[in-house]
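In the two complexes below, chain A is the common chain; its partner is chain B in one and chain C in the other.
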Partner chain A sequence: MIETAIVVGIIRILFVGIIITAAYIISTRNLLSVVSVYALQSLTLVCIALALYSLEGSIVLLAIAVVTFISKVIIIPYFIATIQEKIRIKRDIEFHYLSPTSSLLISMALMMVIYMALARIVEGTPVRESLFFFGAVLGISLMLMGMMVTFSRKRAITKVLGFLSMENGVLLFGMFVTELPFIIEFLIIIDLIILVILTTILSVGIDSTLEDYHKRLHRFHLLIEPEEVS
Partner chain B sequence: MIVELFIPAIIVLLAGTIFPILTASLDRRSVRTISLSCTIVGSILLVSLSLLILLYGEPVYFTLFQPLPAFSLSFVIDRLAAFFLLIIAVVSSCVALYFTEYIEHIAGSNRRNLLCGCTNLFILAMVLVVASANTISFFLFWEVMAASSFFLVMYEYSQQNTAKAGIYYFVMTQLSSLFILLGIIILYLTTGSFDFLPLTTTASAPLITVAFLALFLGFSIKAGIIPFHKWLPYAHPASPSPVSALMSGVMLKIAVYGLVRFLLDVFTPDLWWGVLILAAGTASAVLGVIYALKEHDVKGMLAYSSIENIGIIFTGIGLSVIFTASNLPLLATLSLLGALFHSLNHAMFKSLLFLTAGSVVSATRTRNIEHMGGLAPRMPVTSALFFIGAVSIIALPPLNGFASELLIFISFISSVSVVDPLFKILLFICLSLFALTSALSAACFVKAFGSIFLALPRSPESAAAKEVPLTMLIGPGILAAACILLGVCALQIFATVGFTVPLPDMLLVSLLLLGMSVLTYVVLYFTASREVRVSETWGCGTLSQQASAEYSGHGFSEPLDIIFSAIYRTRTINERIFFDQKNCIFKEGTGEIRLLKVFEEYLYRPIAQQSLKVAEGVSRFQNGCLDTYLLYVFVTVIALIIFLGWFA
Partner chain C sequence: MNFDFILYLIINTLVVVAISPLFVSLIKKVKAWTQGRQGPSVFQTYFSLIKLLKKEVIYSPNSSWIMQVTPFVTMAAILVAALFVPLVFVPEPIGGIGNIILFLYLLVLARFFMALAGLDAGSSFGGMGSSREMSISSIIEPTTVIVFAALAFVFKTLNIFDMFVLTSGSGLPATPTLILIGISLFIILIVETSRIPVDNPETHLELTMIHEGMVLEQSGRNLALMELSAAVKMTVLMMLLINLMVPFGLATTLTLAGMLIAVIVLVVKGSILAGIIGLFESSMAKKRFFQLPSLFAMAFFFSTLIIIIEVFS
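Entry: the complex of A and B
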C-alpha cells in the first residue's frame, strides 16, 4: 500500500484541482469547454474517492468511484455535448445579477466565510485540522458555487451544468463528512441522468419548434431580423 | 329532549342546503319550495327548542364530532344561545315564507336554486355559530357564515354595483374574521384552551386587553359599527331583499351575540372597555340615523338605520359593562336586558321593513323613494305592515321598539345618581345623543313612509303598482304581529322568563289607547256631519295638481340637512375646458356638488392605497424569473451558514 501521508498529499492536490475547475465553470464564457471541465471535475472526484478508498478500504467508496466515472465522466458529458451540437450555441455571454469577475470574488469570500463558520462549529475537536474538515468546506463551497452558476447564467444549458456542479459538491461533502448510503448516491445519479436527458429532449425539441415558429413569423413578415445565433 | 330537537333541525337545514345545490340544473319551482320548506321546518324546531330552554331549561352541552383531543365540534345551548336561536329561527321562517313567492319573481333562472341552498347554509351557519361551545367551532362556522353571505350578496353578480358591494363586503368581513381569529389565538395562548372559560388572570393584563380589542374590532366590523360600517349601505341594496332582511335582522345580531358571549363568559371587563363600547355605540347610533336621513335609496336607508340600531344595542352593552365594572349588578342586568331585547325587536321590525321594502321595490322597479309615492291605496296591506314596522322602529308606544329603548333609557337615567361625577357627564352626553337619535329616526321614517306610500305616485311604475300575493304578506304579517306582541306584552314576557323590569304595563296602556281611539271614533261617528264633499287639496292656486309639486323626501329632510350641515360635508366639483391655452374662451364644463363620503375618502381609500403600495413592493420580490428565486435560495443558505457559525 501507498503511504498515508502521500495519499493525503495527493488528495490535497486534487482539492486544488476541484477549486480550479469550479472557478473555471463560474467564469468561462466558452460553452464547449465548460462541459469538458465538468467532466474533469467529476474525474477529480473519482480520483479522490479512489484515494479515500486506499486510505479507508470501504467498498462503498469504490462503488461511488465506479458509478461516478460511468455517469458523470462519460454519459452526462456525452449528452450535453449532443445538445450543444444540436443547438449550435458556442458562447454564453448573458449574465444575471453577477458578472464572472464578481462571481469569482464572491466565491472566494464564500469559501472564507464557510471555512470560518465551520471552524467555529468544530472548535476544539480533533477534526479541526484534518482532511475531512477541508473536504467539508470544499463540498459546501462547491455546492454554493454551482448554485451561483444556476442563477447568474441565462442559458438553460449552463444552468444545468451549474446544477451538476452543485451535485458534485454534495458528493464531495458526503464522501468526507457523512456516510451517505450508497443507494441514495446512486439514486441521485439516476436523477441527474434523467435531468440531463430531459434537458436534451427539451432543448432539442424547443429548438426545432422555435425554428418552425420563426419560419412562420417570416412568412407573415412579423419578424424582420434574422435568427440570432450566438 | 333538546338534543333530539337540535339535531333534526340541523339535518333539515342541511338537507335544505344540499338538495337545491344537487338539483341546480332543474329550474323548477318545486325544488325551491322544498328547500325553503326545509328552512321553515328547521326554524320551527329551533323555535320550540329555544322556547323550552328559555322557559325551563338548564344549559345543554353535547359533542358532535371530535377529530383531535384539543378540538371538537361541541355545542352548548344555554339561555343566551337559546335567545339568539329564537331570533334566527323566527326571522328565518318568516323570510323563507316570503321567499317562496319572491324568488319566483326575480331573474336568474337556475341560479335561484343556488340562492335557496346558500340561504339555508347561511341560516345553518348562524345557528351553529350561536350554539358553538368552543372558540374553534365558533370561528369555523363564523367563516362559513361569512362565505355564504358573500355569495348571497353577489347574487346579481353581473351588475356593477353588486361587484363593488361584494368586494367591500368580502374585504370587511374577512377583516372581521381576521381580528376574531387573532383574539381567539391570544385567548388560547393565555388559557391554553379553546373553551369559553372565564379568565383567571386580571383584565388589565396587556395580552388580555389586546385580545378584547381584537375581538371588539372583529365584532364591530361585522355589526357595522361606525367607522367600520361602510359595507352595509353597499351590500344591502345590492342583495335580494329577503337576504337583506336576514343579514340585517339576524347576522348583525350574531356579532352582538359574539361580543356579549365573550364579555359575559370569558372576560372580566375593565371600566374603560365599557366606555369604549358605549362611545362606539352612541357614535354609530347618531351618525347612522343622520346618514339615514340623507339616503333616498329605500334599502340604503334601512341599512343606515340598522347601523343606528346596532349602535343602540352597543350602547346598552357598554352601559352594562360600565355598571358591572362599577359594581352595580342590577343596573348592569337591566341595561344588558335592554340591549338584548332591542336585538330581538330590531330583528323583528328590521326584517319586516326589509321584506315590505322588497315588495315595494319589486312592485315599482325602483329603489329611489323619490320615484315612489301613492302606494298606500295600491298596496294597502303592505303599507299597513310597513307602517307597523316604522312605528316600531321609531319607538312609539305601545310597540316593541319603545319597550326596549325605554329599558335603556331607564338604565341611563337611574345610573346618573350613582356613578362618579366624571361619568355623570359622559352618561349625560350619551343620553342626550341617544334621545336625539330617537327623534331623528322618527323624522327619517316619517319621511320614508310619507314618500313611499302617501300622496300621488311620482312615476308610472308606481302608479301601476299592485298588491303582492298573499304568500308575500304572511311572513311580514307574522313579524308585524310579533312587533305588536313584544311591545304590548313586554312586561309579561319579562316576567315569564324570570326578570322583573321597571317597565310600565304596556298591556294596560295599549288597552287604554285602543279604548280611547274606539271612543273617539264612536263619538265622531255619531256627531260629525255625514255630508260628502269632493274637492282638491289646496295647491297654492295652481290649476292642475301634479305629483311633481308634492312635498318630496328631499324637501322633508332639508331643514335637518341645514341643521347638520357640519356633518354632511359636501364637495364642489367644477371642471372647465377652454378653447385657448390661456383659459379665456370657455368651451364646456361640469359643475357638481355632492355629499362627501367622509369615511370612504378619508379612512378606507387611504388605507386601501397604502396596502396597494405595500403589495406592489412585495410583489417586486415575486417577479416570475427562475434566477431570482435561485438567488433567494442562495442568500438564505448563506444567511443560515453565517447564523450557524456565529450565533447558534
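Entry: the complex of A and C
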C-alpha cells in the first residue's frame, strides 16, 4: 500500500492538471488541440479515480476509472477527431456574448464564489480541511466553466466539447462528494445523450453554427415545422 | 557588508554575463533544428557581441543625451536586477538586495529608458516600437505584479533569496501551487523578453517589431550593450523560474566544489529550459496584437487562483 500523504500530494497535482486543461479549453481558438486536451482532462480524472481507489479501496472507483477511460479517453475523442478531419475546420473564432479572456476572468470569479459558498456550508465539520472539500469546489467550477464554453462558442463542435467537459465536472464532484452508485447511473445516461448528439451531428454535419444547422435539418427533411397559414 | 557578499556580487555578475549569450544562441539553434536547418553555432552570439564592441558608435544628429545614456542605464539596471536572483550560491541578503518589488522596478526602469531611446532619434520605426512596447507593458504590468504577489503569498516573504533557500531546503521538486506559478512565470518570461507569440525577435519587419524597433537606431558598442542586456534579462527571468521549480544543485554555502557543481547544473538546467522555449516558439505563430490579452489572462487567472487558495485555506 502506498503512503497516504504521497497519494494526497499526487491528487493535488492532478487537481492542478484539471485547472490547467479547463483554462485551456475555455480560452483556446485552436480546435484540433481542444479535443486532445479534453482527452487529457479525462485521463487526469481516471488518474484521480485510481488514486482515490488506492486510498479507499472501493471497487466502484475502479469501475468508474475503467468506464471513463474507455468512453472518454478513447471513444469520444476518436469520434470527434474523425469528424474534424472530415469537416476541415481548424479554428473556432466566433463567440457569443463573451470573449475567451472575459470568460476566463469570469470563471475566476465563479471559482471564488463557489469556494466561499461551500466553505460556509461545511464550516465546522471535519470535511472543511480535507481534500474532498477542494475536489467538490473544483468539480462545480469545472461544471460551470464547461457551461460557459457551451454558451460562448458558436460552432456546434465546441458546444459539444463544452458539454463534455461539464460532464467531467459532474464526475469529479461525484467522486469526491456524493454516493457513488447513483452517479454511475447518471454518468451512463449522460454518456448516452452525448452519443445521441454525436450521431445526429455525424449524420448531418457540424461544419456550421447552430442556425446553419437548423437550415440543414430542413434540407434533409429531418425537421418538419407546421406550414404557415397563407 | 562582509566578504562573502562581495564575492557573491562579483561571481554572480560574471556568471550571468558569461552564460546569457549561450542561452540566446541555444534558443536560435533549437528553432533552426525544428525548421530543418543547421542553424548558427551556439557561440555565434558571443562572436556578434565581440564584433559589435569593436565597431564605432554613430549618433543621429537629431538625438539627445538620452541616446548616449540609455545603453549604460539599461545595462546597469539589468545587472543590478541580476544580483537579485542568485545563480550559483545564496548568501545572506543585505540591504534591499533580493527584494521582489525593487526587482520589478529595476526591470521597468530599463524598459522605460529603452522606450525613451526609441522615441529619441525621431525615426518612425523607433516610435512605433516604443508605442507598442508601452501598450503591452501597461497590460502585462498588472499581471506581473499579481504573479509576484502570488509568489510572496506562497513563500510568506518578499525576498527572493529567502524563497530560494526555502525551495532548496524543502527538496520537493514541485508542489501544486508551484506548478501554477511556474506556468505564470513562463508566460511573463515570454512577454518580458519579447519572444514569439508577442514579438518576433528575428525579423526587422515594420509590422511586427517591438523590441527590435526600439534598438534600431543603436550602433556599435551601444548596440552590443543593448543586446547583452536583453540576453541577461532573459537569463535572469529563466533562472528565477528554474530555481523556484527545480532548486536542485543550488549551493547555500560558499565552497569551491559546491560552486563548480552549481555552475554545471545551472548550465544544464538553463539549456533544457532554453530548449523548451525554442520548441514553444516553434509550435506557435505570432499572435495578433489585440489577441495578446488572452495570453496574459492565463497568467493572471493562475496566479489569482493561487492567491485565493493561499488566503482562504
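Criterion: the second predicted complex is superposed on the first by the 184 of 230 C-alpha atoms of A that agree within 3 Å, B and C clash if a C-alpha of one lies under 4 Å from a C-alpha of the other, contacts with A are read in each partner's own complex, and residues count from 1 in each chain.
Definition applied: a residue touches a chain if its C-beta (ideal position, glycine included) is under 8 Å from a C-beta of that chain, and two chains touch if they have at least 3 such contacts.
Values in this document were obtained by computation on a predicted structure and should not be read as measured data.
Asks: Which partner chains sit in contact with A:M148 here, chain B, chain C, both or neither? Use first/second/both/neither.
Replies: first
Asks: Considering only the touch criterion stated at the top, classify A:M111 as touching first (chain B), second (chain C), both, or neither.
Replies: It touches chain C, and chain B stays clear.
Asks: Contacts for A:R120 in the overlay, against chain B (first) and chain C (second): which applies, first, second, both or neither?
Replies: first
Asks: Per the contact definition in the header, classify A:Y38: touching chain B only (first), chain C only (second), both, or neither.
Replies: Neither chain B nor chain C is touched by A:Y38.
Asks: For A:F69, select first, second, both or neither according to whether it touches chain B, chain C, the two together, or no partner.
Replies: neither
Asks: In the overlaid three-chain picture, which partner chain does A:Y53 touch, first (chain B) or second (chain C), both, or neither?
Replies: neither
Asks: For A:F173, is the partner it touches chain B (first), chain C (second), both, or none of the two (neither)?
Replies: Once the two structures are laid over each other on A, A:F173 reaches no partner at all.
Asks: Pick one for A:I20: touches chain B only (first), chain C only (second), both, or neither.
Replies: Second partner only, chain C.
Asks: So chain A touches chain B in one structure and chain C in the other; where do those two contact lists coincide?
Replies: Shared contact residues on chain A (touching chain B in one complex, chain C in the other): 116.
Asks: For the complex, give me every residue of chain A touching chain C.
Replies: 9, 12-13, 15-16, 19-20, 23, 27, 99-101, 104-105, 107-108, 111-112, 115-116, 119, 134
Asks: In their complex, what parts of chain A are in touch with chain B?
Replies: Checking each residue of chain A against chain B gives 96-97, 110, 113-114, 116-118, 120-121, 140, 144, 147-148, 150-152, 154, 159.
Asks: Considering only the defined contacts, which chain C positions touch chain A in the complex?
Replies: 174-176, 179-180, 183, 293-294, 297-298, 300-302, 304-305, 308, 312-313
Asks: So in the complex, the part of chain B that touches chain A is made up of which residues?
Replies: 625-628, 630-631, 633-634, 637-638, 641-642, 644-646
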